[in-house]
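Both complexes shown next keep subunit A, but they swap its partner, so subunit B is in the first and subunit C is in the second.
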Partner chain A sequence: MGNEEQQMISCDVLEKPGWWREISLVTIIFLSLGPALPLLWVAVTEASSPLTGGFALAVWRSFVVATAVTGLSLLAGLPAGLLSAMYDFPGRRILLALLAIPLLVPSFLWAIGLSQVRIVLGLQSGGPWLGAISTVFAFLAPALPLVAYMTLVSARRLSKGQVDAVRLVGGERLLFVYAARAVLPSALLAAILAGILTLSDPGPGQILGYSGIAYEILVSFSASYDFALAAQQCAVLTGLVLVVAVPVAIFIAPRVAVEILGREINLAPLARNACASWITVGVLSCIVLLTTLLPLTGIVRPLFGEFPVARAFGEISRTIRDTLLYALTAGVIATAMGIWMALAAGRERQLRRLALVGVFLVLSLPPSLNALGMVELGTIAPAWLDPLLRSRFTVGLALALRFLPVAAVLAMRSFGSTSPSQCLVGAVHGVTLSQFLHRVLGPAMLPAAVTACMVVALEATAEVGTVLLLRPPGADSIPVQIFTVMANAPEALVAALCIFYVAGAALLLTLGWILAARI
Partner chain B sequence: MSFLLTRRAALIAFLIVQGVTTASAAPEVVVYTSVDDVFARPIAEQFTKKTGIQVRLVPDTEETKSTGLLNRMIAEKSRPQADVFWSGDPVRAEVLKLKGIASIYKSPNAAELPKEYSDPEGYWTGFSARVRVILYNTTQIAKDQAPESIFDLASSPGLRGKVCIANPLFGTTSMQAAALFVALGDEPARNYFEGLSRNGVKMVSSNGEVRRRVGEGDCAAGIADSDDANEVVKDKKPVGIVYPDESGIGTLIVPNATVLVAHGPNPDNGKKFIDFLLTPETERALAESDAAQLPLLPNVPTPPQLRAIGTLHPMHVDYGKLALKLDDLSRGYLREWATKNNR
Partner chain C sequence: MKPGFELRSISKRYDDVQVLAGVSFSIEPSAGLAIIGPSGCGKSTLLRLLAGLEAPTSGEILLDGQVISESGHIVVPPRQRSITMVFQDLALWPNLTVLDNVLLGLASRRLARHEARRRADEALSVCKIEQLAARKPGNISGGQQQRVALARALASEPRFLLLDEPFSGLDLVTKMALLQDIARLRADRQITLVLVSHDPIEATRLCHTAVLLNRGVVEEQGEFDELLREPKSEILRVFKTSLKEVAHQ
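Moving on, here comes the complex of A and B:
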């Protein structure tokens, strides 16, 4: 009977206001932040202060790195993304694919590569300036592609009519200026997000000699065994992030919310302009050279002496199953939650803003906060909950919550591009919700779902902190294995593992691209 | 969302859930270890081969130290997942004892081991050891000019700006710092660290980094462990090894320590694993590996490139006191020092 009633729900529920929307969004955001709440409570109730001199210095350093990464990624990523969106150029697909590689690789891998480059250049040691520059450089590797892609996606939403009109009035230069203005909010959001993400990643700073606030948290946690202090410092970090994130989210989210809402537009074709094309090729090549090829050169350097293929292959075979399981679990859960979030936000501007602000905050928080919270939960909970809180599933779930924003934005964009009239017409003809989801919305959103699953899976594979804290005994992922052995294993083995990983990420990216294109 | 609930999707979901939640039914032991994965894993595989018990190894990492393995054990205290903690030094083992996470286990195989390297109450047992050594680059420092004491690194004008040490908040460097504070007293130990700062010491991320920097000539000298020394010599880098303070406070010996975790899920298998670690077979394997650890059992040969424990002048340390001292230092002086020297 209940089932029949459910079958009778009309599909227009997806286009009408309803209390389920707010409840769904709040539930998802709460689920994403929930595991961190006990730790934040500890931080708030603890009497001592984390603001020592060292902590203040670390905050300053983090601020310097985050600001530099935000500024530089915007400065280079915006023009690169804009040029890629506007002009056709030789090797477009290859260059854009190469640009994406740093997004799929753990930041510490790039830091290892850069530290090797420093050795080659005789710059192993130096003052804080060298450390700061190297650290910013390491973080720029994923930040630049992030901004460039966000700009590209945003710029591709300019209509042919808009582009032609501006081009007619002022030529390519004016078009570039106007297009840059149009995409600035999205690019700025991506750049700020990239800057914020540097705050919670201790790896590059520690390897390259310019440690910030994430390192201080690590010291409190790993050296001093001081949960309360670590939690307090996490809370301060969260507070600082919120100071930046909330206004940004409030001011920029509405623009982005409108942008990801689908519009029926006649897309501007890629222009064929020899000069602009070569400039684009030059800009993208420079970015790929600096953010991908240079660190890769450093990574492969130790392989010139020997290439321990068999040993590296052994390590990969031991860890690949769990790596894929974590990735797949994270991808599936995040995509399902992302679609739920997209349906809940629907086309209502306020709800889309709420969803975007929520996911922006989720992505801004230090990943260790949720992971530690889950460790605590797993300890307190009864043994029968172990499959949920202390298993490979837990790792996948934590990774899914971490990367939910990616899936949510893709799903919201996909839902936004569907036509509301389909749903309303269906309702008039008595189409039920399940029929509509099965026959219309499902197929329409499938490419986005597959893409979201793929991107989350790849991002989850590159995440180290969460897996380190939550992996069940004996269930390492490949990046965690690299992270674990990199200090004392022979350099050639570490390099071989890194190369295998980068090659695997590139292969998966290519497969994903092909798959997404075929669906 | 019925499209997701097709039979095929349900089957895939079932397989994923099975894959991610199912535990192995075979006999197993869960070992958390702060010993480098490359050295610990072959020993674990040997144990499995011999006993048929699967070892689920959770290694820690030295360089970036973000696993918080010990913290994970502290967090899991009320319902631990680990059966054994195999520590690269006795300080972390002592921390577990102080936190009530260790249980007493006196292995029958420990009878031959020297008592000074184990907990007198039996909460942890020491075996194969490393020593803290000075590495120097032979292209920059002649053998007869090599520093003989760790105190030379803080006072020699010739070494100004040319010395590397790992972050003293972590690993064996933290243990050495605590040992100096216990052995010398607070004031002289602080003076030593201030001397290092004045002499322009470079604080790097790990002992492995010290090894690399000295090997590459970026640092003329540094303090690291004997396994790092073995690695750098094996790589044919121009590096010499000094066992420091032979005529002074002595060379710090850093034994491995093994702990049976209280209320672990497989205590019997945990005991078997500890017994295996304390055999001559394991000590020999660790000595012959790239770790080049120094055996504590009398009849196991020392790696030829290193000196036997019996020929060294050891620094006399009450290992039990180091954990408390280190706890104090990590929150106070050492943390400030590390911040100041984190350049």
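Moving on, here comes the complex of A and C:
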């Protein structure tokens, strides 16, 4: 009887208001932030060594890097994204694919490459200024593509009519100015997010001699074994992040909601303008050269003397199983939660804004917050919860919660691109919810689900901080293995591992692209 | 018991916006009723209330004398009203073939597979698109898509067919052919038709009666011939002029 009742739920429940929507959204956001609560409790209640002057310096350094990355990524990423959105140009697909690679590779890999470039240029000991510049440069590798892609997505919302109207009045120059103003909130949001993400990433600063607050937390937990201090530092970092993220989430994210979640209708075709096309190619090539090819050249440099293929393969075969396990667990869980979030937010403007603000905050917060929270939970929880809180699954779960925002935004975009009347006509014809999900919405959202799973899996693989804090003994992922051996292993081995990783990420990206296009 | 639809003092409000206010009228079985009025006057909302996709804020909707919707509550869900609807954007499911679109429209009927297939084939044939059965909606023309939406609506053999401006964007020749076919099907199958439209040709070809909405209230209602004889409202005057011009041409 119960099953029959369930089958009789009409599909228009997806287009109607309902208490389940608010409850679902609050539950998902709480699940994403919940593991942090035990850590914050420890930070507030337990006494520990006071925060030192060294920590204050680390905070200052993090602030400098984050500000520079935000400004520079906006300055270069916005025009690059805008040009890519408006004009057709030779090698469009290849250039945009190359631009995406740094988003899927751990930032410390680029830092390793840049440190090699510094050696070639004779700049290995240049003091804090050089460290700061190099660190900013390393962080720009993922930040620039993030801003450029966000701008591109936002600019593609401009309709053919809007574009033609401005073109008729003032030509390409005026169009560029108007389009830039239209996409500025999206680009600014991405740039600020990129800046915030640098605060939580210990890798580039450590490698290039300008370590910040995230590295201090890692040292407190992994080297000093002072959990309370790590918790306090993490709480301070969270506070700093929230000072920036909350106003941004409240004032900018809702304005961007329509652009990144809305339906794509009457898209303006890519213009064929020889001059603008070549400018676009030039700008994108420069970005790809500086953010991808230059660090890659540095990574490859030690391989000219020796290429330890066998040893690198040995390391990879030892860690590939756990790497894939973390990636797949994260991808599947994040995608399922993202789709749930998209259905709960539906088309209701306020709920979509709430969802976007929620996911922005989740992505802004340092990954160490949830990871250390899970460590604390694992410590105080009974032993029978170990499979959930102290296992490989825990790592995948923490990574899924970390990258849920990516899956949620893709799912919300996909749901937003379907027509509400497709569901309503189903309701008129008595199509049940399960039939509609199985026959119509499922296939419609499948490409987005596959893409989300793939992107989350790649992002999760590239995330080092969470895995470093949560991995069970002997269960390293490939990037964590590189991160832990880079200080002691031969340069050539580290370089070989880095190259295999970048090649693997590029290959998976290509496969994902082909797969999503075919579905 | 009064057969057909009866609307009693229907009001609908979205937050602070009053879309419909005290709307009352009846729809006789097998009749054709056009709901006309300026943009934003509540025509589509009225259609959604009839379909049971939304509940009125106040008032009652009766079908064959039985209350099917009342204040804030849908008593009889859409699938049990023997209604089908063709939406303005047609709402075809893009991933399904034309045939599957029609078959999914029969989902609630619990028909045997061969019976569902027979009905779907018949609907496609009636709408003259049987040759498109294996195609997907994205690969056929606008006029053909209209026919698929119509076939899906007719396959379930409804008593009431609601049309929400489904002909906008069609060229005149295609539109006239479709109007002719729908008028024939309506007469053959004794379907009650409710049409929301801005177009005097569509409205007068398919419907004999009309309700003129303005700012959420019924301004005029009755037989088209009578309404157009001495039109009181601006929109009916424009209708009359347009129809005269078409007749001259």
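A few comments on the model shown:
Here, the second predicted complex is superposed on the first by the 502 of 519 C-alpha atoms of A that agree within 3 Å, B and C clash if a C-alpha of one lies under 4 Å from a C-alpha of the other, contacts with A are read in each partner's own complex, and residues count from 1 in each chain.
The criterion applied here is as follows: a contact is a pair of C-beta atoms (placed from the backbone, for glycine too) under 8 Å apart; a residue touches a chain by one contact, two chains touch by 3 or more.
Predicted model, so just to flag it, every value in this text is computed and none were measured.
Look at subunit A after the overlay: subunit B and subunit C fit there side by side. In the superposition on chain A, A:425 contacts subunit C only, with no contact to subunit B.
For subunit A, the partner that touches more of its residues is B, with subunit B and subunit C as the two candidates. Of the two partner chains placed by the overlay, only subunit C lies in contact with A:12; subunit B stays clear of it. Applying the stated contact rule after C-alpha superposition, one finds that A:350 touches neither subunit B nor subunit C. In the superposed pair of complexes, A:393 makes contact with subunit B only, with no contact to subunit C. Rounded to the nearest 10, the angle made at the CA centre of subunit A by the CA centres of subunit B and subunit C in the overlaid structures is 160 degrees.
Using the contact criterion defined above for the overlaid structures, shared-chain residue A:444 touches subunit C, although it does not reach subunit B. Between subunit B and subunit C in the chain A overlay, the least Cα distance found is 14 Å.
Common to the subunit B and subunit C interfaces on subunit A is no residue. Interface residues of subunit C facing subunit A in the complex, by the touch rule stated above, are 48, 51-53, 77-80, 83-85, 87-96, 100, 104-109, 152, 156. Per the touch definition, subunit A reaches subunit C in the complex via residues 10, 12, 419, 421-422, 424-432, 435, 439-440, 443-444. Taken together, the subunit B residues at the contact with subunit A in this complex read 1-4, 13, 16-17, 19-21, 23, 30-32, 36-39, 54-68, 70-72, 74-79, 81-82, 95, 169-170, 174, 202, 204-209, 213, 216, 218-219, 227-228, 231, 327, 330-331, 335-336, 338-340, 342-343. By the touch criterion stated above, subunit A contacts subunit B in their complex at residues 52-54, 57-58, 108, 119, 124-125, 127-128, 131, 202-203, 206-207, 209, 211, 218-219, 221-227, 325, 328-329, 332, 336, 339, 368, 372, 375-376, 378-380, 383, 387-388, 390-393, 396, 434, 437-438, 442, 464-465, 468-469, 471-475, 481, 483-490, 493.
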